[in-house]
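Multiple structures follow.
In what follows, subunit A forms one complex with subunit B and a second complex with subunit C.
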Partner chain A sequence: MTDGLAAYIVRRLLFVPITLLIVSLATFYITRWGPGDPVSVYSGQFRDEEAFDRVRHQYGLDKPIIQQYGIWLRDVVTDGDFGVSFRYRDRDIPEVIGPRIWVSARLGLYAFIITFLVGIPTGIYAAVRQGTWLDPVIIGFFLLFQSIPVVVAVPMLVMLFAVWLDWVPPGGFDGLVSRSMLIPTLALSVPGIAGVARLARTATLSTLHDDFVRTARAKGLDEATVVFRHVARNSVVPLMTTVVGLSLVGLIEGALFTETLLGIPGIGSFIYEAVRSQDYNVVLAVVLLITVAFMVANLVVDVALIALDPRVRDSGSVR
Partner chain B sequence: MVLAAAYSQVSEAAVRTDSPMGRALRRLLRKRVAVACLAVILTFYTVGALAAWIAPYGYAEQNLDASFEGPSLHHPFGTDRNGRDTLSRTIFATRTTLVVTLATVATGSILLPLTLGMLAGYRRGPIDSVIMRVGEILASLPGLPMLVLISVALRPRFAGSATQEGWVEKFEDWIGWHGLTSSGFADYFIIFFVLSLFGWVGGARLIRTQVLTMRGSEHVLAAEACGAGTLRILFRHLLPNVMPLVIVGASASLGAIATSEIGLTFLGVGIQPPHPSFGALITDGASRTVLENHPQLLLVPAAVVATQIFAFNLLGDAVNDVLTPRAR
Partner chain C sequence: MSNRLTLAVLGVAAALILALAVVLIVVVAGGDGDKDTAGSGGAQTPSASEDGNGNGDSEAGAGELRLRGDDPLTLDPATAQDAGSAFYIVEIFSGLVRLDKDLQVQPDLAERWDISPDGKTYTFHLNPDATFHDGRLVTAEDVKYSFERALSGSTASIVAENFLGDIVGAKDVSRGRAEEVSGISIAGDTTIEITIDAPKPYFLYKLTYPTGFVVDRRQVEANPRRWTNKPNGTGPYKLKEWRLGEEIVLEAYDKHYLGAPKLKTVRLELSGGSALIEYEDGNLDLTGVGLDDLPRVQDPSDDLNAEYHQVPRQSIDYIGFNTTAPPFDDEKVRQAFALAVDRKKIAEVSLQGAIPTATGIIPPGVPGFTSDDKTYGFDPNRARELLAESSYAGDLPEITMAESGAGATVGPTTEAIVQFWREELGVEVNIQQAESGTFFSDIDQGRYQMFHIGWIMDYPDPEDVLDVLFYSTSKQNNTRYANAEIDAMLEAARVEQDSEARLATYQDVEKRLIESAVWIPMFFDVAHVLVKPYVQGFEFPPMVIERFRDVVVQR
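For the complex of A and B:
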C-alpha cells in the first residue's frame, strides 16, 4: 500500500514540470496578447514611436511571441533568470517580489493562527452541543461572516474600527506588530472560521460515539477531559493537514483584495498592479510561484487524505 | 382480474411519482431554513428581473443638484456623488447578480461539468485523459489572478477599444441590431466566460467518478446488451444518477459566483460603469468621504450582498444535506 502511495506521489511530481510548462506558455501568451505593451504604458505622455521601437528591440519585444517564449524559457532553465521588471526599472524579479512575499506570508500566518484558534474549539463545542439550538446557531453565525465577500468586509471594518471607533488608521502599513494590522488580520481570518469549525464539528461527531470515548466516560473522566484529550486529539489533529492546504487558496485571493484596499505592500496588491500595468515578467513569475504553491498544497492535501482515510486509500481510485 | 390489473397500474404510477428527486424536494421543503433561503433568493431574483419596472429611477440617471443627499421620501437610501438614487442602483445591481449567477451556473456548473464529466467517465481512454489533464492544469492555476489576467486581455478584443472594433460590435453589425453594447452584454459575457472556464473542473471530476462506477453496473450493462446507443445510455441510464451531484454542485456554486463577480468588478475588470453592480456600489462606498459622511452608501449594498450570499450558501448546504445522505 505504501508502495502505491509512493508511486502516486512520484507520478504527481512528474506532472509538475509539465503543468508549469503549459501554464507558463499560456500566461506568456495571454499577457502579450493584450493591447499595448509595457513600453507604451511606462512612457506616459512621451510619444516617440522610433524610441519605442528601439526599447522594444532592446528587450526583444519585437520578436514573435513564440520566439520570445523560447528565449524566456532558456534563461529560466539555464540561469534561473526570470527576466527584469519593466515597472521597477530593470531590477531583478526575486529582488522585487521577495520583500512583498515576506509581508504577505507573515500577515497570512497571523490570519491562519486566528482561524484555527477560533475555528477548532468552536467546531468541537458545536459537535458536543449537537441536537440543541446552540449547534446550528453557532455554525450559522460564522457562516454569515463567511458569506460576506472580502471586498465588502474590508470597507465595513474600516468604517467600524477607523471611522466610528477611531482605534486604528484607515489603511496603510506600519510594520507587522502595529494596530494597522487589526483590519487585514480580521478580514483574512474571519471568513475561514466557518470552514474550519464545520470540518472540526464533523470530525468530532464521527469520533464522539466511538468505543474508546465511551470507555473514557466510563472511567469517570469529566466531560472536558473526554472531549479535549480523547475526542479532539483523534478527530481534529488529522484534519489539520487537509485544511491548511485548502485555506491557502482562500488566503491568496483574500490577500489580493485586502492588500489592494488597505494599501499594504504585499504580494496580493503587487500582482494586481503588475497585471494592470502589463509588467509581463513579474506577472509570469508570480503566477508560476503561486501555481507551484497550489500544486504542492494540493499534493499534500491529497496525500494526507489517502494516508489518513483507509476508505480512500483502499478504494483504488487513486490515479 | 381487470380491476386488479388496473389497481397495480395505478400503484405503479404512484411509485413512479415518488421519484428520488421528488422525495429530495419534499425533504428540502420540510427544512425551514431552506424554505426561508428559497424565499429570499426568489424575492431577489424577482426584484432583479423586474428591475426596469420596480426601480424608481434609472441606474445612470444623474441629478447633480441632489448629490450626496441623505435618506428621504424621494430617495429612501439617499443618493451618491452624482445624485444617482441608491435604492435604484441597488435594484439594478441585483439584476446584474441575477444574470451573472444564472448564466454561469447554467454553463459552468451544469452544462460543462455534465458534458465533460460524462464523456470522460463513459468513453475513458484518450478523451478522458485530455479532459482530466486540462482540468488538473486549470485547477492548479491561481484562480483570481488568472481571472483578472484573462479579463484584461480579453476585454479590448471583445468589447472593442478606442482604436479597434470589438467582436461584439462586429456581431452587432452582423445581426443588424445595435443594443448589445449599451446593454452591457460584453461585461456580462466576459465575467460568465472566465468564471465558467475555471468553474467546471470540480463538478466534472465528481461526475466522472460517478459515471465510472455506474458504467459497470447491471442496468447499464443490460442496456448495452440490448444494443442501446451511447447517447441513449448517457441520457436515459447515466444522467438520472449524476443529477443529484449536478444539483448539489450548482447550488453550492451560486454564492461563489456572486462573490467573484463583485471581486472582478471591484478590481475594474468586471461590469463597467455606468452599469450597476454590487462591486461598483461597494467601490464607490469605500472612499474615505463616503465612509465618514454617508455610511448608508456602503451599508445598504453591503447588507443586501451579505443577505443574498448567505441565502445562497445556506441553500447550498441544505440541498447538499438532502441529496447526499452521508453528509447528514
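For the complex of A and C:
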C-alpha cells in the first residue's frame, strides 16, 4: 500500500517538469508577442531607435523568440539564472521575488485560515438548516460580500478603519503581528468565505441523506455527532483539494488588487507592475512560481487525502 | 438535538470572534508600543538626535530626513535614463560638473576647466582631494574609464550617445568600432582633455547628467552585474542600505571633497499607504501632494497650509500634431485646433488651478523662457474661419488623438480638450489610449495624427527641447516637422558663442513653431509638496540635482 502511494507521488512529480516546460514556453511566447518591449517602455521620452536596437542586441531580444527561449531555458537549468529584470537591473530575479513572496505569504496567512474556519462550519450549518430561512440568509450574507469587487472593498475598508476609526495605517505592511494586517486580512478572506461555504454546503447536502447517516441517526446519536463525525468527515474532507486550490487562486487574485491598492510590496503588486511594464523575465518567473505553488499544494492535499481515506488507502492501488 | 447543533456552531463562531479579538487587542496594544520605536523612522530618531546633540557644530552631519521614495531602475550612472534613478545617483556619485539650485554649472569633481579659443577642447582639472567612498583618490584615468564604459556596447546604455556623443570618437566606441574615445586624453594624474565635434555651449550641461559620472573601475570589473548594490561612488552620500521595496538609507560621506554634508541620514520609505496620512502622523518629514488632496492643503484655514509649497518643474504638457498626416499637414487646420481650446478654463475647472497654462515651448527656469504668453489664445470664431479656409474645409478625415494610458478612463484634461473641439469646431475627435511603451514607439513611427504627451527637460538649455524635438532629422522629431529655415536657425544656435544672440535665436524658433501650431503647448508642470517646519534648507530644484547636503533637521 505504501508502495502504491510512493509510486503515485513519483508519477505526479514526473509531470512537474513537463507542466513547467509547457507553461514557460506559453508564457514566453505570449509576453514577447505583443507590441512594444521593455527597452522601449523603460526609455520613456528618450526615443532613439538605433540605440534601442543596440541594447536589444545586447540583451538578445533581436533573436527569434524560440531561440531566445532556448537561451533562457539553458541559463535557468545550468545557472539558475532567470535573466535580467528591466525594472530591477541591479538584482537577480530570485532576489527580487523572494522578499515579495515572503510578504504575500504572511499577508495571506490569516485570510487563508479564516476562510476555512468560517467557511466550512457555515456551509455545514446552512446545509443542515436547508429549507429554513437561515440557509439562504447565511449564504446570501456571505455572497453579498463576495459580490463586492476587491477594488471597491479595499478603499471602503481604508475609509472605515484607517480614516474614520483611525485604528490602522491606510496601507503598507508592518509584519504579521501589526495593525496593518487588518484590512488585507478582511479583503482577502471575506470574499472567499462564500465560495468555501457553498462548496461545503453542497457536499454536506449530498451526504446528509446517505444510508450511513440514517444509520447513525437510528443508533440514537445526537445530531451534532452525526453532522460533525459522520457527515462532515465524508463530505467536507474530500472537498479539501478543490477548496485549497480555489482559495489559493482567490488569494493570488485578491493579492493583485489588495497589494496594489494598499501599496504593499508583495507578489501581487509586483506582477501587476511587471505585466504593465513588459518586464518579460519577471512575469515569466512569477508565473512559474505560482504554477509550482499550485502543483505542490495540490499534490500535498491529494496525498493527504489518500493517506486518510481508508477506501483508497486499503485498496492498495491509486488511480 | 438541533439546539445542540446550533450551540456548537455558535460556539465555533464565538471562539473565532474571540480569537480575532485577542489577536486584534494584542496587535493594537503591541502596535501602540511599536509605533514610536519600531516604525520605519521612529527607531532612528532618538539616536539621530543624540548625534545632533553630541556633535553640535562639529564637521560630521547630524539629523535624519524621512521621505517616500521608489526603488530606482538602476544605480548605474551609465545606464540610468530616468529621473527616479538619477534622484539617487546624483547623491551617491558625482561627475566633472554639476548644476546648482539655480541650474548654473558648478565645479564638482573638476575644480576648474579651460576651454580652448575654438570652443572645442575642454581641459578639466580634477579636485586633488576628490576621493571615492573607500578613500581612493579620483584620477583622470577614472574619468576616462567611466566615459568609455558608458559608451561601450556591453554596458547597454540607451542614453550614452545622447549625452556623450558630442565627444570626438565617442560614436566609434558606442558602435563597436573602437575601444577608446579618441577625443579624450589624459594630460596628467588629475588633468583630462576632452575634445568635442563642434563648439557647443551646452556640452557642459550634458556632463551634469549621470551618464558621465565617475565609477570605480575595480569594483565594476570585479562584479559587473551586482556592484551597484554597494556602489563605491564619489558623491556626498553613501548607499548604506537598499532593501528592495522597503527602504533605502543614505548616509553622509564625511570626507567628501566639497565638505561634509550637514544632514547625516536620509531614509526613504519605498512602500506604504497614503503618504499624506503618514505625513500627518509624523512618520514622514516631507511628501508630495496628489491632485485630490490639493484643495485641502491649499485652504488657508487648514493646518497643513503653512507647510505647503508649490515647486515649478521643468517640463511641459502639450498636444503634438503629426505634420505629415492629414489633416494636420495643413497649417491652418493645426491653427484652428489650437485656437479652439480654452486652456485657462481647463486649468481652472479640471485642474483646480493647480497647474499653470504654458506660455510657450521653453519651460520656466530654462534660459530663454519668458512669462508673456506667446501661445494662441481662445478665439473660436477665428478657429472656425481658419478651418473653413483650409484645404480640408468640409472634408475632414476621421481624427484620432492618442495618449498614454490603460484604456479605462480618459484624463480630465483630455476630455475637456476634445469637448472644445466638438463644440467650437464641430469636429468629433476619437481618443486612443496605449500602454506607454507602445505609445512612444507608435509616435516614433508616425502612427498617430495627434498625441497628448509631455516633455521633461534633461538639462536647462533650450536646445534640449527645440533642437531635440523640432530639427528635421532629429531622432526625436515626433511631429515630423521639417522646415529648412528652422533647421538653419537651430544649427546656428548650436554653436553660437554669444549667449544672448543664441537665446534670441531660440526664442525666434519658439515663436515660429507656435505660430505654425506644430504644438498646442498646454501646461507647465508644478509639484505640490508638504514639508515639516523643522526641516530647513531643503530646496526644491526643478530638475534632478543633489539636494540633501545642506538640509538641517531639528525636531
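The rule is simple: the second predicted complex is superposed on the first by the 220 of 319 C-alpha atoms of A that agree within 3 Å, B and C clash if a C-alpha of one lies under 4 Å from a C-alpha of the other, contacts with A are read in each partner's own complex, and residues count from 1 in each chain.
Rule of thumb we're sticking to: contacts are C-beta pairs under 8 Å (C-beta built on N, C-alpha and C of every residue); 3 or more make two chains touch, one makes a residue touch a chain.
Bear in mind that the values here come from a model prediction, so they are computed numbers and not experimental data.
> Would you check which partner chain A:F212 touches, where first means subunit B only, second means subunit C only, and both and neither mean what they say?
So A:F212 meets neither subunit B nor subunit C here.
> Which of the two partners, first being subunit B and second being subunit C, lies in contact with A:V158: first, second, both, or neither?
both
> For A:S178, select first, second, both or neither according to whether it touches subunit B, subunit C, the two together, or no partner.
second
> Taking the superposition as given, does A:I22 touch the first partner, subunit B, the second, subunit C, both, or neither?
A:I22 sits against subunit B, while subunit C stays out of touch.
> Using the touch definition from the top, say if A:R276 reaches subunit B (first), subunit C (second), both or neither.
After superposition on chain A, A:R276 lies in contact with both partners, subunit B and subunit C.
> Mind telling me which of the two, subunit B or subunit C, contacts the most residues of subunit A?
Partner with more touched residues of subunit A: C.
> Does subunit B (first) or subunit C (second) touch A:V286, or do both, or does neither?
After superposition on chain A, A:V286 lies in contact with subunit B alone.
> Which holds for A:F141: it touches subunit B only (first), subunit C only (second), both, or neither?
A:F141 contacts neither subunit B nor subunit C.
> For A:R91, is the partner it touches subunit B (first), subunit C (second), both, or none of the two (neither)?
In the superposition, A:R91 touches subunit C alone.
> With both complexes superposed on chain A, which partner does A:I30 reach: first (subunit B), second (subunit C), both or neither?
Touch partner of A:I30: subunit B, not subunit C.
> Using the superposition described at the top, list the residues of subunit A that contact subunit B and also contact subunit C.
Comparing the two interfaces on subunit A, one with subunit B and one with subunit C, the shared residues are 35, 158, 162-163, 170, 276.
> Where on subunit A is subunit C touching in the complex?
Counting only subunit A, the residues touching subunit C are 35-52, 54-55, 57-59, 86-92, 95-96, 99-100, 103, 110, 114, 117-118, 121, 124-125, 128, 158, 162-163, 167, 169-174, 177-179, 181-182, 222-224, 227-228, 262-265, 276-278.
> Touching residues of subunit A toward subunit B in the complex: what are they?
Residues 15, 19, 22-23, 27, 30-31, 33-35, 136, 140, 143-144, 146-152, 154-156, 158-159, 162-163, 170, 249, 252-253, 256-257, 260-261, 271-272, 275-276, 283, 286-287, 290-291, 294-295, 298, 317 of subunit A touch subunit B in their complex.
> Of all residues in subunit C, which touch subunit A in the complex?
1-2, 4-5, 8-9, 12-13, 16, 20, 23-24, 26-28, 30-31, 34, 39, 71, 73-76, 79, 81-82, 153-154, 156-162, 174-175, 225-226, 228-229, 243-246, 270-274, 277-278, 406, 435-438, 440-441, 443-444, 454-456, 475-476, 478
> Quick check: in the complex, which residue numbers of subunit B touch subunit A?
Those residues of subunit B that touch subunit A are 33, 136-137, 139-146, 148-150, 152-153, 156-157, 161, 164, 209, 255, 259, 262-263, 266-268, 278-279, 282, 285-286, 288, 291-292, 295, 298-299, 301-302, 305-306, 309-310, 312-314, 317.
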